[in-house]
Amino acid sequence: MTTALIVAFTYWLVYWIDESFSWQALVRPIVAGPIFGLVLGDVKTGIILGGMLEAIYMGVVSIGGGAPADAYVATALVVTYVIQGGISLEAGVALSFPIGTLARNINTLVLPMHAYLIRWFEKFAAAGDYKSYSFLQQIYRIVFSRLFHTIVIFLGVWLGGDAVVSFFNVLPPYILKGLTVAGALFPAVGLGILLTMIYKKELTGFMIIGFVLVAYLGIGTMGIALIAGATALIFYFIDAEKKANASSSKGEELF
Amino acid sequence: MTQVVKGLTPQEKKTLFRITMRSNLMNGSMQAIKRQAMGFTYALIPALADLYKGDKKKMAEALQRHDTFINTHASFGAFLLGLVYALEKQKAEGKPVSSEMITNIKASLMGPLAGIGDSIFHITLRVIGAGIGINFALEGNIVGALIFLLIYGGTFLAIKYPLLKAGYTLGTNYLKDLFEKGLVQSLTKAASILGLMMVGGLVSSLMNVTTPLAIKFGETSVALQTMLDQIVPEALSIITVFVVYKLIKRKVSITMIAFGMIVFGIAMSFLKIM
Amino acid sequence: MTTALIVAFTYWLVYWIDESFSWQALVRPIVAGPIFGLVLGDVKTGIILGGMLEAIYMGVVSIGGGAPADAYVATALVVTYVIQGGISLEAGVALSFPIGTLARNINTLVLPMHAYLIRWFEKFAAAGDYKSYSFLQQIYRIVFSRLFHTIVIFLGVWLGGDAVVSFFNVLPPYILKGLTVAGALFPAVGLGILLTMIYKKELTGFMIIGFVLVAYLGIGTMGIALIAGATALIFYFIDAEKKANASSSKGEELF
Amino acid sequence: MTQVVKGLTPQEKKTLFRITMRSNLMNGSMQAIKRQAMGFTYALIPALADLYKGDKKKMAEALQRHDTFINTHASFGAFLLGLVYALEKQKAEGKPVSSEMITNIKASLMGPLAGIGDSIFHITLRVIGAGIGINFALEGNIVGALIFLLIYGGTFLAIKYPLLKAGYTLGTNYLKDLFEKGLVQSLTKAASILGLMMVGGLVSSLMNVTTPLAIKFGETSVALQTMLDQIVPEALSIITVFVVYKLIKRKVSITMIAFGMIVFGIAMSFLKIM
Amino acid sequence: MTTALIVAFTYWLVYWIDESFSWQALVRPIVAGPIFGLVLGDVKTGIILGGMLEAIYMGVVSIGGGAPADAYVATALVVTYVIQGGISLEAGVALSFPIGTLARNINTLVLPMHAYLIRWFEKFAAAGDYKSYSFLQQIYRIVFSRLFHTIVIFLGVWLGGDAVVSFFNVLPPYILKGLTVAGALFPAVGLGILLTMIYKKELTGFMIIGFVLVAYLGIGTMGIALIAGATALIFYFIDAEKKANASSSKGEELF
Amino acid sequence: MTQVVKGLTPQEKKTLFRITMRSNLMNGSMQAIKRQAMGFTYALIPALADLYKGDKKKMAEALQRHDTFINTHASFGAFLLGLVYALEKQKAEGKPVSSEMITNIKASLMGPLAGIGDSIFHITLRVIGAGIGINFALEGNIVGALIFLLIYGGTFLAIKYPLLKAGYTLGTNYLKDLFEKGLVQSLTKAASILGLMMVGGLVSSLMNVTTPLAIKFGETSVALQTMLDQIVPEALSIITVFVVYKLIKRKVSITMIAFGMIVFGIAMSFLKIM
């Protein structure tokens, strides 16, 4: 139970620090792995496992609030199971997937609580009480934001890896294979959310061009960023010039 | 876009700095309903305090104006904070800046900025940082984590203040242009172009949905994936994104979609289709 | 002569079916080969020869009405010569080229007949007699469309492959080599016709870009189709917006 | 472009279906003079019959209006059939749709549609289908022919009705837009852009005109083709297409050009230039 | 001293001929090398050395008047040093770099002289005396253009390679390495000058696209020239159409 | 742009030819102050002599008008000579062609033409010619020099007259268009687009600034260059060009910059940074 308390507290503290920058950096496996390794007395294993988990979770990022798995919870529990429970590194990595996917849904479970807190903010706003508004923001993030996650971590460590491991061992192989397949689909969630935010049918052509440049020419994300930025610049100035001409009948030119 | 405001008053500088600090908590009270509504408002409060301190009613209006759904990249969102600060200032000074105008600008720019920010940080820099760092990590070398923090985390922090200032400068110096010439629209469109091109690219670089199905006739067999690749590579990835997009549009929840993917994945794997 | 009748009838029938969909599918060597093989009692040879001929005629397609060789006539005769005349597969393939090129010109020879039929259509149109117009369309395609081709096939089989082979054997090697060179030039015919239909000097730039994407970046036809479609979309919406702004002075925006 | 017409009447549906069936004979009376004039008119007759049945004079006008040179892709041409059906309908209903308007639309869209259709069917799908099928065929496996029929032939047929309906929908719902805003022009231009980019690409992918000539000095020799490739790859292919284009413009017949190519090829091969 | 005179005269003559076409062709190492070899009686060495120097100076061209090294002076002296002074080919090539870089600055040293001559042109122009203007152009280019360069060549040959070589031999290795580093930076001079002449911030996007096409897709200079030409054409016609629509309210279309 | 003037008079032809001849001396009195001012004026004199022979005052004005800073590619500049000849002719005939107009056109086109000409000749053709020629040269074969002269030097000369004529034709036939429709601006913009895209490409193809620096931690080490390449390849080259551009804008002389580079290079090599 001491271990459970330590890991849970570390989970909360690191999240709190990371979140103080809206950073999503300390909570990545590659950083969080060593930290949990440190508090559990085996930094090296933490580092290595962090690297292994990062390799898997590299593409699982929170876009539009839509990460399909919780890499941070998975890292916390898996590092603990390996160091304390003595399961192998590989088994730990295999475990990380169902854990991460299940953990993602804590956010959904605590939604009613969040909905309740939102109403407080609205009250302060209506009263023009910006000081209380600010204060609540602090309370929210420190106390409520990861309350349940922390409890889950505590329970997960307390109940122990054995229970979890034995559970996954009885699963037929196509289940784990299926989770891998699902993993390949997950990034579509974030992209889908982004699309609902920015898609306009008139601009479909640009999306297709971005796709072709990567799929057919393998131009890489940075290359596509440069091309996209350049294209945006070009169309911005075309548009700006058009607007300038329209508003001033004198027909002055931007370029 | 990134001209330096020459005559920034000490007061403005101080406020900009305080907004930057507070913008660190942008994701602070994130939830699925109003997302960063509170984080954004919280970050803007130094500006609102300056402008509406004496006037409870205007302060309440401003707080309520911003306490609404917003979702953008935590670091690129700083640009929007700067722009909105400038707008609020003009409004407080009696310029014809309506509440709707401010809301519209927020609504139209948050998506594109998210697209750009997510692509650069969540995807490009994170992957580069992790890619380099992982090699060290696998050898048990803590330097991996530090490299990751530097490449991804360092730029993430470093970019906030400049973006905030750029947004404020644009809002202050070019407001007249922005509205009269419809440049906000142009800006939004350009940002959408940027975002959409990157999303198009990400479909291919981020995803890799394939099928092991093969059609066998006698001795020869044709892999379905090979045929698909010859027609449109990553066709299955595109279809997946499109289906998810349609589901979200029809208000299916993210959790439902994620669970559906797991069920679907297990079923496909059971049937040996994927 | 029975063989000649069977092959000629098959030629006519398969063409008729294919043409009932404006399909240009059954008449391709890869499909027609097996069919002629079937009626001649050696499907396997038909299939293989069809594959070999398809490999050669893959790029010879009717664009703008301008195919430079008749792959269908070549397939009919070559399959017959190989199965009935006992010449080797390779010799058959070599023969296909001069045969196909010569056969292409039957269309030109029968032009006067077509010109005559056209006038009938015009008469029915002028009389508003759409029923006779429709009826003539059926007669035309069933009876006249391939009348002479069918006769040529009949004669070609009747006179036999030997005559044709011995004719080509006396040719010096540079002749066949020259036909290969000509084959490399042929696709220019279809492309040239297409150009006369769509080329506008103001759009030259787009043609160059399409060229560079394939010639320098090897992007493939489907990739170029996607890029071209995307570009067309972009310019369509730009144009549409411009038109919208021009027609409504209120300056409403499409995007 | 492909919105579904919600209120399609049973009569419209029936006519559209009958046009689709008849469009199968588009290439039916193809010849070098008026190409698909009769095939196109034949396909349109169900529509004309509906609209002008009672009126011999109008029917004659309509038949003559369409019994003119047209050359387009047999399957993509369905889009044009749909559009023209819509136009004829508006005209019959007394809307200001002139005869010239219909003729112009046909003339301006037939080329681009041919470019798109030929590229997709005659070139892309046919080559993919044949490429996959040939391997089977060379082993004596009939599956090769079937795969070819499926990939090329199947899509060819499947696409007709949707395209016809899309054309009709566009013509019916957006006619006002199409004319008032000059969108037909925009459409033509966009289609031409699409077609020309593909033709540009096809010059490189479809053709491969080379020369074996080499310049020898002492021991070292320079292949002319290597030099050309360094300047502009496929330069000879481009020149060939350009020459053919000019010849056709000068009314040289296709048969003459094809024969000329054979004579030229034999001469070049005799002289060892090509 | 005869050699010095011959080499210096050759230098002046070849420059004069080359400059009669504003050619910058004869003065390239690959051509000048053989010429100096010829007058020094060892064409072969001249040819080979010319090739070696060309390989090094290939990227060193005069853009915007901004070549960072004088390849022609370097060629003249190095070929002479190798053929007459008997130093090795490799040593000659190594020498060429400091020589070329130093020689570049002769132009700067003689600037006052040029400034003086400029005023003469201005006088003739003010007088409308186009004949004298033309005459002065001839005098300028024949006599003054390379006067000092020719003297430098004369001195360089007269003093001999030994002096120069022994000077460079005492240099520490990082100096020559440093010159190579500088050589990699030099092309930035020409590009920087070009940019000051054509850069407009509204067109930045096009520059970025050009960069990406080469840096990420390796499209080559000719490919980029085609793409750039095509893009320029497209935007020219867009612009022209816009202008046409604006000037004629009848809204006639260019395309 | 390259239409042939049908009715070119013998006088015009003669003048165009003489300008071509004289344009060979374009770089003749090149110096850092007014660059090709005199070479350009010298080349134009046959035209000026035709137009203003009798009129000393107008001749003086014309000479002074052109005896000003100009810097362009010696061979592509011929296009500008042709255009200016046409403008001077219109002016001499009393058309409303002002002196400023001529100066503006020269100023706006000289840069783009330099960009195009330098890219094609100084860089592309020279490198191709040299690349092929060097192999011969290294074997002691004189053919290398000849190939170079042919590929680079031959095209350089061959292109002058056609470009001159094209410029003159454009100026003569489309002058009305050019001014009334603002086509000179369009032309300049198009030429700038062309030039800038090529300069963008040249940064990558012409330059290759790298660093051998590596960060070592225990056994593993990361080459800084590898990291830079993953973010933006040729990042150092871009920075170098940008710094030089800024220095030139701040009036630092080319000589200073070149010397600075040598000092910098030696320092970097001493410190093992580059």
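As written, the chain order gives the labels A, B, C, D, E and F, with residue 1 at the start of each chain.
Basically, contacts are C-beta pairs under 8 Å (C-beta built on N, C-alpha and C of every residue); 3 or more make two chains touch, one makes a residue touch a chain.
None of these values were measured; they are calculated from a predicted model.
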Any chain that touches chain F and chain C: A, B, D, E
Selected interface, C-D versus A-F, where C-beta contact pairs are more numerous: C-D
Averaged-CA centre spacing for the pair chain D and chain A, given as whole angstrom: 49
Intercentroid distance (Cα basis), chain C paired with chain B, Å: 52
Separation of mean Cα positions, chain F and chain B [Å, integer]: 43
Multi-chain contact sites of chain E, meaning residues that touch two or more partners: 200, 203-204, 206-209, 211-212, 215-217, 219-220, 222, 226-227, 229, 231-233, 255
Two or more partner chains touched - positions in chain D: 131, 135-136, 139, 141, 185, 189, 230-232
All chain pairs that touch each other: A-B, A-C, A-E, A-F, B-C, B-D, B-F, C-D, C-E, D-E, D-F, E-F
Interfacial residue positions of chain F with respect to chain A in the complex: 185, 189, 230-232
Residues of chain E defined as touching chain F within the complex: 19-26, 28, 30-31, 33-34, 43-44, 47-48, 50-52, 54-55, 58-59, 61-66, 68-69, 101, 104-105, 107-108, 111, 114-115, 117-118, 121-122, 124-128, 130, 133-134, 136-138, 140-141, 145, 174-175, 177-200, 203-204, 206-216, 219-222, 224-225, 227-229, 231-233, 235-236, 239-240, 243-244, 247
Partner chain E, residues of chain C touching it in the complex: 200, 202-209, 211-212, 215-217, 246
List of chain E residues in touch with chain C within their complex: 217, 219-220, 223, 226-227, 229-234, 237, 241, 245, 251, 254-255
Parts of chain F lying in touch with chain B, wherever the complex brings them together: 217-220, 222, 227, 230-231
